[in-house]
Amino acid sequence: MKIGVLVSEGPYTHQAVDSAYKFVTAALAAGHEVPRVFFYHDGVNVASRLSVPPQDERHIQQNWTALAKEHGVDLVVCIAAAQRRGMLDANEAERQGKDANNLAEGFRISGLGQLIEMGIQTDRLVTFGD
Amino acid sequence: MSTLHTVNKSPFATQALVSCLNHAKAGDAVLMIEDGVYGGLGGTGLTEIMDEFGKNVSLYVLSPDLAARGLDPKRLIAGVEGVDYAGFVDLVAKHDRTQSWL
Amino acid sequence: MSDVKKFLYLNRRAPYGTIYALESLEVVLIGAAFEQDVSLAFVDDGVFQLTKGQNTDGIGMKNFSPTFRALGDYDVQKLFVERESLEERGLSEDDLIEVVYEDEDDDWEEKPAIRVISRAEMADVMADADVVLSF
Amino acid sequence: MSTLHTVNKSPFATQALVSCLNHAKAGDAVLMIEDGVYGGLGGTGLTEIMDEFGKNVSLYVLSPDLAARGLDPKRLIAGVEGVDYAGFVDLVAKHDRTQSWL
Amino acid sequence: MSDVKKFLYLNRRAPYGTIYALESLEVVLIGAAFEQDVSLAFVDDGVFQLTKGQNTDGIGMKNFSPTFRALGDYDVQKLFVERESLEERGLSEDDLIEVVYEDEDDDWEEKPAIRVISRAEMADVMADADVVLSF
Amino acid sequence: MKIGVLVSEGPYTHQAVDSAYKFVTAALAAGHEVPRVFFYHDGVNVASRLSVPPQDERHIQQNWTALAKEHGVDLVVCIAAAQRRGMLDANEAERQGKDANNLAEGFRISGLGQLIEMGIQTDRLVTFGD
């Protein structure tokens, strides 16, 4: 079965993104497909490669990046939500005249259409938020 | 055709669980996750309403979230079942849609 | 399954205190281009999103209430509002903004898009959706 | 010695306002801001409890937040007073401490 | 005003669902070095922070419950827990972890830092603070 | 009177930081001192100079930066909360081996002791959060 996942809250502050990670891992282990995870609202902050959590805590961004690499999950960050909150890839940074970018490997920035498309193309959609 | 509802808030803090139960239909399932697992606790002012809704709706808690919060499964209201993340996935697959009460 | 899915946007939160109402509306506007069957549900504090006379001059935030009125132009025709949620908050249908759409099956007559329904009917709307997006 | 309590959540969504009122002392003030301003609405299931607490505690709403949400001050429970941000600052200065109910 | 202020840390939220409980504890630990008069209040869902037997292995988050037990070593001696909040949640004092401190005024005897008090007493604790930090 | 302010939520997602800004502006206009605003939890995300909100919305970070410049308010971002969430200044980025930084002008990164100190040195402390 194809399962799409929407993550609506940022890392560390809310458990939502941890629950989503555990859920996606379990879904893949059960033989389901998770073609895409869409990050919206503060969820876009998960994609920052500048995060430096304490050594004895999980590294949320790196865990997602590894999951994407291993299982080919498409991690999409909403461009409108990302711009408000200061999450940029190299292209966006250049286009906006910003001197730095912070998007981690394995994530890509795209539009809300990708969320709707995920809803259309998957059999189930599960939201994790606050 | 049935729905899996997820609730991730404590019923002592927000109205999410009550609103969910007020909209769930017979044959639906309600899975309490994260701080939502407190909704499964027996011996509270909510036990009666949970018992009532439990007649038509299947009630679940996510066991890893229950354990994280130091709550023994013996404290759960009768009829509330614990599932792990694999069980969560199965519930999603089994029901026609998932609706989150945030 | 047909090519068209029933999308339900579930709004349970008040406007301005958090961004969810605004960003939900942004999804609805983008989603309108995908020619799916779209419904919006306003339940619990979500009904506050539709109150008349919102004026944000004093809080320095953008008033997005007019965007709801434009939904009809995007061919969004179904805004379901729960009667019990209104009543619990001391509100009635008169307190809500008007949203209209032109019905192409009825000589493009203007019709109200906001439909106040009971909690039981709202449960039916929810149970009829293929995809529920919660905000 | 008195306290200014601030509440920024809708009383229909969370327990913050009720918990605040249960801990406020005679002579304290409660200022409802952001989504908290819905707590000032008359004609709801909360009106009675607000009337009761209003006898000992001064109740305020932040007017700019009320206007943003399209609520006419005429809808406010009798005795609930509107203040602007300058009034908020005055309330902070006038009371010995500010306690936020988040 | 004396040099020592009464700091009250108000905890009203459950652990793990959000980070507030953990980051509140980080403030308490840093604040302990400032030699102020420190109290912690656990009200509403905040009482869940102190439950025994927390095991976070299954959720991939750090269990910070042991840090509460270390508070005594930081000379934090007053953890006020509201009895009504416990009872509404079906909990009693037996469900809570133990936190002890050594009383320097009483031959360094170990004493319990957690004090279960009534809602009325909690209101008094709040009204006695100079600075309230809410989490 | 000296008033300290604690901001606990991030920009755009919660109104808290907008309320805090309006409050601080009003307090300064009334002749009070606001020596410091402390940003904790997701509040640290206010300090990102990479934020690009829509043209017709307020620019939260720039408003705070301008306020700090005009009135000398000390805007302090908690280092522990900032590291978790990927908010770094140039020094921190170098120390952590990161290839970019994102802290805006007018903000500085420091420890939680600055929050306690603010509580000790001000007459009132007001918290804006979720």
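Which chain is which? They are A, B, C, D, E and F, in the order written, and residues in each are numbered from 1.
Rule of thumb we're sticking to: contacts are C-beta pairs under 8 Å (C-beta built on N, C-alpha and C of every residue); 3 or more make two chains touch, one makes a residue touch a chain.
Owing to the predicted nature of the structure, the values given are computational and were not obtained by experimental measurement.
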Intersection of contact partners for chain A and chain D: B, C, E, F
Fewest hops from chain A to chain E - one hop per pair of touching chains: 1
Per Cα centroids, the chain farthest from chain C: E
Most heavily contacting chain pair (counted by C-beta pairs in contact): A-F
Relative to chain A, chain with the most remote C-alpha centre: D
Interchain centroid distance [CA atoms averaged], chain C/chain E, Å: 43
Chain C and chain D: spacing of chain centres that average the CA atoms, whole Å: 29
Rounded Å distance, chain B centre to chain F centre (Cα mean): 38
In chain F, residues with contacts to at least two other chains: 8, 12-13, 15, 19, 22, 41, 57, 80, 125, 127, 129-130
Residues within chain E bordering two or more other chains: 13, 16-19, 44, 59, 61, 131-132, 134-135
Residues of chain D engaged with two or more neighbouring chains: 8, 12-13, 15, 34-35, 64, 84, 97-98, 100, 102
Chain-to-chain touches, reported pairwise for every pair that qualifies: A-B, A-C, A-E, A-F, B-C, B-D, B-E, C-D, C-F, D-E, D-F, E-F
Residue ranges of chain C touching chain B (in the complex, touch as defined): 10, 12-13, 43-44, 119, 122-123, 126-127, 129-132, 134-135
Residues of chain F touching chain D in the complex: 1, 3, 8, 15-16, 19, 22-23, 25-27, 29-30, 32, 124-130
Complex contacts: residues of chain E adjacent to chain B: 13-18, 44-45, 48, 51-59, 61, 63, 65, 88-90, 95
For the chain E and chain A complex, residues of the former touching the latter: 16-19, 59-62
Parts of chain D lying in touch with chain E, wherever the complex brings them together: 1, 3, 15-16, 19, 22-25, 97-102
